[in-house]
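Below you'll find the structure, written out as structure tokens, and then a few comments.
Order of writing sets the chain letters: A, B, C and D. Residues in each chain are counted from 1.
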């Protein structure tokens, strides 16, 4: 992933109970850290949380997670989580995330999390709303690829 | 705790991610195991879950947890969780729980979890309903102490 | 994924604390369920756990997780976890996993988890050992693709 | 608990996945928050973590947790965790913890966590070491009750 494309960063510290018997962060916790990054990203953009939840007459659902583990984080390590929305298609969009050691910049893990917009009762795909496209576009600028924008 | 007073038991196996860097189950997971025991206990009695949630015109809230750690459980260990309701007072009741190694019977942890019955909007204490008292009394017999039974 | 290729299955029941505020299993827990499936798979094959840990003069590391979320699991739902090793290459191998509702067979999530074999001190890639290839091949038969087998 | 006796405070924000289906923090997570508070307390005093782990020729073990739940924390709520050591006896000592809403000061939960010092092989109780007594006494002053101090 291109680090320079990420405009949002936050930090968190590895907690005692997130470390497994090898003395390193259990692989499941990176997925949670990326989610913390997405929540803070959406808050920073002024988009009401929770994206996974019903948004009035629609809901947003996580449909795919990809995580590449590059190295291990350890107890009490301060981590930098970088988050961006890389694309918005007609009915879907994707977050990218990077976790690094805050002190050294050592790459720890990378994530792609694909979401889709659905009609809450029937589950039919919905066009990603214009206000969401605009808020993301305004924050990301050229870094986000927006295609199949909705007919208004 | 008196083991002979417990009429409900279930088993679960320690999972990889529940073990901390000392190679033993992290202390927070025993609290979760006791909750699994309470859920299965209530299901066995035919009481609708979740007790912590709103029950029609009332809600049940966990107000106190006590855990005594006696020894450590390890990865892949099969555990026996014993659960009972030890008392029902006017507006509260308590679960007791015991975790043992299933093979050896070695005592691992003990729990008391006190719950109260509340009016969901005002939060005012409510008398524990008669049907709950009756279902528990029917299952526990003399093992449960029921006091201040509701006026009907 | 081809369900018929999976020879190992186990079941687990969704726990209260694994459900998020939408009333469905939080996405991070499926990753943990797949890990439970892998642990039971390796135990069934007689391979000493933990694969993520040091194995004598080598260690096995999870380098990539892919999860596709197909539908949602709910509190107290009984799930079937199917697990297999789909390929073994020279220094890496992959698990596949499927989570279904045990009663209806409804597909809930699919996983690919790629592991590599490393020299524990230098981190240099190591050939997947012959005994591991043989144990997996013996269990999986034609279902596993084994390439670049080690020179002995 | 007497809030004025606490000299150490830290803050953390409730994460999405820590909230259960009632929209409030699951009871098990408060126990984890108290642990985060204890870790930061020990770091602040310059005491090497992890207290639950082996400390050279001794180990420190959590033997009892008491939690009183006073009100509920919600998603994205900023919490203040106050931590102190309330007493050191001959072979044991106790942490106290308070969780409050950072904005309003509303009391959320209180904790007592009792630890004992053990000989790591035999498990025999050991006198709490003089350097630990001194570091805690130096930080806590009159707020900590220290009894049965070791013969030197």
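Points worth noting:
Throughout what follows, contacts are C-beta pairs under 8 Å (C-beta built on N, C-alpha and C of every residue); 3 or more make two chains touch, one makes a residue touch a chain.
Computed from a predicted structure; not experimentally measured.
Taking the mean Cα position of each chain as its centre, B sits at the greatest distance from chain A.
Of the two chain pairs considered here, B-D and C-D, the higher C-beta contact count falls to B-D.
Separation between the centroids of chain C and chain D, computed from CA atoms only, is 37 Å.
Taking each chain's centre as the mean of its C-alpha atoms, chain A lies 33 Å from chain D. Rounded to whole angstrom, the centroid-to-centroid distance between chain B and chain D, based on C-alpha atoms, equals 24 Å. Among the residues of chain B, those touching two or more other chains are numbered 16-17, 20-22, 28, 32, 35, 50, 52, 75.
The part of chain C that touches chain B in the complex is made up of residues 15-17, 32, 35-36, 39, 43, 49-50, 52, 75-76.
Contact residues on chain D toward chain C in their complex (touch as defined above): 16-17, 19-23, 26, 28, 75. By the touch criterion stated above, chain D contacts chain B in their complex at residues 20-22, 27-28, 31-32, 35, 50, 52-53, 61-69.
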